[in-house]
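Note that chain A is present in both complexes that follow, paired respectively with chain B and with chain C.
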Partner chain A sequence: MNTVTLTPKAKPDLYLEVDNITPDRFAGKTNEEIAALHLYEGSTQHALGKFFDVAGSSGPTAAETKIVIKGDASRLKYIGMKMTAGEIVIEGNADMYVGAWMRGGKIQAKGNVEAFAGTGMKGGEIQIDGNAGNYLGSAYRGDWRGMAGGTIRVKGNAGSDTGYFMNGGTIIIGGNVDVHVATHAEGNGKIIIKGNAKSKVGGQMVGGEIYIFGDLEVPMPTFEYRKDVELEVDGTKAKFALFEGDTAERHPKRKGETIYGKIYMKY
Partner chain B sequence: MAEYLIKNGFVFDPAQKIKGDVADVAIKDGKIVKSVEKPKVIDAKGMTVMAGALEVHAHVAGPKVNIGRIFRPEDKLFTYRPTEKNHRMEGGFSIPTTYKTGYAYARLGYTTVMEAAMPPLFARHVHEEMRDTPIIDEGAYPVFGNNWFVLEYLKNKELENVAAYIAWLLRVTKGFAIKVVNPGGTEAWGWGLNCLQVKDPVPYFDITPEEIITGLIEANEYLGLPHSMHIHGNNLGNPGNYTTTLDTLKLAAGHKAKNKFGREQVMHHTHIQFHSYGGTKWADFESKARPIVDYVNKHKNITIDVGFVTLDETTTMTADGPFEHHLTELNHLKWANADVELETAAGVVPYIYSPDIFVSGIQWAVGLEIALLSKDPMRCYITTDHPNAGPFTRYPRIIKWLMSQKAREEQIKAFKANDKVVNASEIASIDRELNLYEIAQMTRAGPAKCLGLASMYGGLKPGQDADVAVYDFNPDKEHKPMEIEEAFSEVKYLFKTGVPIIMDHKFVSEGRKRTLWVDAKVNENPQVVRDVKEKFLKYYTVTEKNYEVVGKHFIPNPYAIEVDATH
Partner chain C sequence: MTKTVTDVICPFCGTLCDDIEVVLSDDGKKILEVMNACAIGNEKFHHSQAADRPKRPRMQQPDGSYKEVSYDEAIEYTAQMFVKAKKPLMYGWSSTNCEAQSVGHEIGELCGAVVDNTATVCHGPSLIAIQDVGIPSCTLGEIKNRADRIIYWGCNPAHAHPRHMSRYSIFPRGFFTGKGQQSRKVIVVDPRPTDTSNMADYYYQVEQGRDYELLQAFRTALHGHWLPDMVAGIPKEKIYEGAEVMKSGRFGIIFFGMGVTQTLSKNHNIDAAIMLTKDLNEFSKFSIMPMRGHYNVTGSGEVLGWQFGFAYGVDLSRGFARYNPGETTSNDLLRRGEVDAVFVIASDPGAHFPISSVKKIAKLPSVAVDPHFTPTTEICKLHVPVAFVGIECGGNAYRMDNVPIDTRKVVDPPEGMLTDEQFLEKVLHRVKEIKGAA
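The block that comes next holds the complex of A and B.
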């Protein structure tokens, strides 16, 4: 695997849209060609090289290309958008839409990421060592097709609306989550919360699973207790109470059995 | 104004029965002329030259379209095209921005577009959006089929009052024609009901769709409007609805067009694809295009547009409120509904016509069957009921399917349940391939005549408006299906009223778009004046003064078509 290092030169006045920072775009290009790729600052197009020093070298394919953003990325939106393979390491904090519509490969954010990380994600892996913002692994505004595959792992906390319209894949949060989890979720996505959750967990949930290790401040009245189950969840063996809902939502049937959203509360 | 000469193109102009002859088209002072002296010459050698095309039915401006834009931000995702010279930013796919609407029609060679459903109360909004849609001339059809005034006058058989009310409404809303959507059914929806058959009674008003349709045909011909009564019939989109459609079409029998515009039809049935379904439920859903087209073929006082399903993710929107509610129950996607006091309503729901779903495949087949079985291309027009069956930007793809059996075979093969599609339709057995002359009839000469605008638009006769489209397409050469689609996706040159808009694929001007409306003069009618005043005092939440569309703010460049209907 070859590595391209991007070192931010100066803090831009506005936020930059850098959806070209992906192993797919960098693969097979010289550093000069990479520096010539475009980005947007507001409505103005610039060359990537205006804001970054480009060093190292790219691999012949996306899978053989690693990108390291060495420094502050808190004004960069859409890092790793639609990437299919390879790796990105973000050494500082990053702005919105990290790994949005990602299909494969791996992103590691060593700091915090802002909202909409993993929006519409279909595959691959996002690891966030700090905290995640709102709408982690969600659908784009207005869309009903949220995260459908892949894994997002957050060491810290996540904001509100995690897994909004989630249809598949796994989100694991080491810390706590804010309100609204798996709203409108359908299909077989899985959200594991190691810390505490607040309220509106599973609102309008049609299918999918939520595991809560800590406390749930205000449970939804539209989830019903079913039974206790022994499970191993992300390496932890424990007893969980299973609740099903959201009973105020429509629910499809599979082989004569009604499919519900499931919330597992750890004892 | 400058002179232009479009030289040596293959000209297709049904208005003059020119079928691909190599000829020159001369332009001066906004009009087509016989000859010019010192023109700027455009070399169209090896290219196809047609008049600018006309859209008879699309939802491109107004509150319903804007509800779609507001509640579907995802429709704009990855669609933005940044600002260029002579060209503002574009965005959106099925519900494009106003700017994109203008540019995208121009790119296809369209120069005149009719907004198909204007709620009178929101006419100001419709006109503001049309004002912000560059290049193309536009008009809008106010909806009448569920309007309380109309229902009351028709119930009392007061034809003169209906006509006077229509003339008043066209004038205050700056409307172009009489649009009817699910006659009676949308009003019934306010009572939790619908009208699925032409004889179903409308609650409270005690009138039937049949009486509304017939009454509005009579009023239209009493006024002698340029366009005919324009109807979206009852029972849209349901299996087995073709019998309702035949019942609707039969209501035109015995009526004759009376107007000075050369229009021959008394009924235009829109997006008839959605109304040509057999079967009793979705499981045995099938095409009934043939009985519908057979009826239309035999009756010259009817015109239709198709409403082709383009197999895209799109946004459905209609004044047929109950239908949209029905749709959201089917696909579980988001739904917006709006009532327009005293007048109409609307619903909006996203919809995916997936090639993997057999119903979508059959709907696709129904649209193409209607066009291919149609014997008179002058009476059958290309539309997608934009954006209901697909976005208008897919017209080049439809032209490809109409002109190439191979293209249709490829699409049939791509359907997941292709055997089901083939069994429930006759598309696979139709080998007709339309030629460019027939395409010009369906998109130029036909719609222009149907709208009563044939003296201005849809042809290249000296005296007509110089709306001219030049496509980089040589009809003498063999083409792969994809090349047809590509060529009609982007004009090489476009003139609107003699002004160069697109030159060598680049926008050079936004022209000076006009808003078409119909100014019908009728006898003084104190009763209608009194009734209007009373309804505004009693029911409307706005005053009459705040209702009317007046002034440059709404219509910077009006074009009134005058009709004398004093009797």
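The block that comes next holds the complex of A and C.
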């Protein structure tokens, strides 16, 4: 696998929209061609080379291309947008839409990421070593099809509206989450919270699973206790209490059995 | 002989009362008396007559004082600001007419601006929810003539929309509601007792920030499912009782305000309230309506909607319309430092935005277009006073139920004063000249 290193050299006045920083765009291009790719600062279009030093070399295909952003990416939006293969490593903090609409490949953010990471994600893997912002792995505004596949792993905390309209895939959060987890979730998405959750967890949930290892401050009144179960979740074997809901929502039937959203609370 | 102008539209709140009568002096130049309006509307008409109102644009000087400049200089400054900026913010629009909004949006499209209206700190979350799950709504006239179940959730019309209850909801005697108040049951949900909750047959004192749980509990109760003993500080018996009251009506309406849109859960509260309305239609006829604040904030959403497809927070910087509250909304843009110029029209962010955002406005090239002196006009680099829409010029406005109403001109503006629309037309013309597109 070949590596392209981007080193930020100038700080923009506003924020940069860098939807061209993906292995798909970089693959098969020389460093000059990569530096000539465009990015946006507000309504103004610039060449990528104005803000970054480009070093290394790209692979012939996306799958053989790795991009390393060496430095602060906290003013870069849309890193790895719609990428299908390859790898991106962000060494500092990143702004919004990291890995939005991602289909494959891997992104590792070593710092924090802002809101809307993994929006509408369909496949691949995002690893966030710091904290994630709001709307992690959620649907784009107005869409009723959220994250459909892939894995997001956050070592720190996540904000509110994690997994909004989630349809599939897995989100694992090492720390705590803010309000609204898996609101409007359907299908078979899975969210694992190793820390504590606040409230509105599973509100308006039709299907999917939530696992909470820590405390839940205020549970939804529309989830009913069913039974205790022994499970192995992300390498941890424990006894969980199963709650089903959201009873206010419609619920489809499969093989004569009603499908509910499931919340597992670790004892 | 004084002259009385009848059927004047009140340009204050989203109720847009259309029965105001204004008494003018002999020469028709001065407003002497305003009849039928509420205290707030009355004050707005009289305020336009203030002797000390600004009549010419004022430019901020290096020492912070303001110096009067001509309209031509103001137009030049505004046009240059738009052309130089990479991402200007155009905020406000709620207290001007649809015609002016439309001209402003053309400037925004030319200059790659973000166009946002006051819904961003008001009913924006309602619009997010409407986009997510739709809205079963109706007009205020239908409520007056048919509704026998009135629900006020997180709003206090007794103070914010003073004539709303008497004209449309609780008191009027309509075609099928001949007994007026006696034929109606009123439910109020609010964390604190208000003058509106005093009028309620059923008052639910919900815990602060737990509206979402209560709304979902009502939905569950409609179908008789299990509930815990207490939800959001309310015993479950009261929730089952409330659900029965809602189901037993012939026509019900849920009005909601800032108490649910700008507290914990925001758009999710409205989402749940709309779904509650949908569920209630299995048993009876139910509608839901946001209590819009400014008299033409609905119009701003309408005009943005038909021009760009989104009702607020429209980012035109890359030549096509994008919309994502949390990113393209005024406070996020200002707080994060995403814009490099601010144009404020017909609203007062200086008084209503968080101080972190207001400080950013003060540091950027900025223009405030407003007939009054406001906290915003005192921090912007340029203040352009204009005529009062609905008093000194006409124009179209949308009521909170999306009914368009043409406002009426009652008196002339001070001599030589431009309207919002005229000022924006001139700025647009100058922007086109600078860009070589004229």
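As a convention for this text, the second predicted complex is superposed on the first by the 267 of 267 C-alpha atoms of A that agree within 3 Å, B and C clash if a C-alpha of one lies under 4 Å from a C-alpha of the other, contacts with A are read in each partner's own complex, and residues count from 1 in each chain.
By our rule, contacts are C-beta pairs under 8 Å (C-beta built on N, C-alpha and C of every residue); 3 or more make two chains touch, one makes a residue touch a chain.
This one's a predicted model, so the numbers in the text were calculated from it and none came from an experiment.
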Sharing chain A, do chain B and chain C clash or fit in the superposition?
clash
Which partner chains sit in contact with A:T247 here, chain B, chain C, both or neither? Use first/second/both/neither.
second
So in the superposed three-chain picture, is A:Y135 touching just chain B, just chain C, both, or none of them (first/second/both/neither)?
second
Quick one: classify A:N20 as touching chain B (first), chain C (second), both or neither.
neither
What is the contact status of A:S43 with respect to chain B (first) and chain C (second): first, second, both, or neither?
both
As a test of reading the superposition: which chain, chain B or chain C, is in touch with more residues of chain A?
C
Where chain B and chain C land on the same part of chain A: residues 43, 140-142, 144
Listed in rising order, the residues of chain A that touch chain B in the complex are 43, 45, 139-144, 250
As the complex stands, chain A meets chain C at residues 13-15, 17, 40-44, 96, 115-116, 134-135, 140-142, 144, 179-180, 183-184, 199-200, 203-204, 218, 220-222, 224, 246-248
Chain C to chain A touching residues, read off their complex:
85-87, 111-112, 128, 131-132, 210, 212-213, 216-217, 219-220, 223, 225-228, 231-232, 264-265, 268, 271-272, 275, 279, 317-319, 323-327, 336-340
In the complex, the residues of chain B that touch chain A are 71-75, 77, 82-83, 332-334
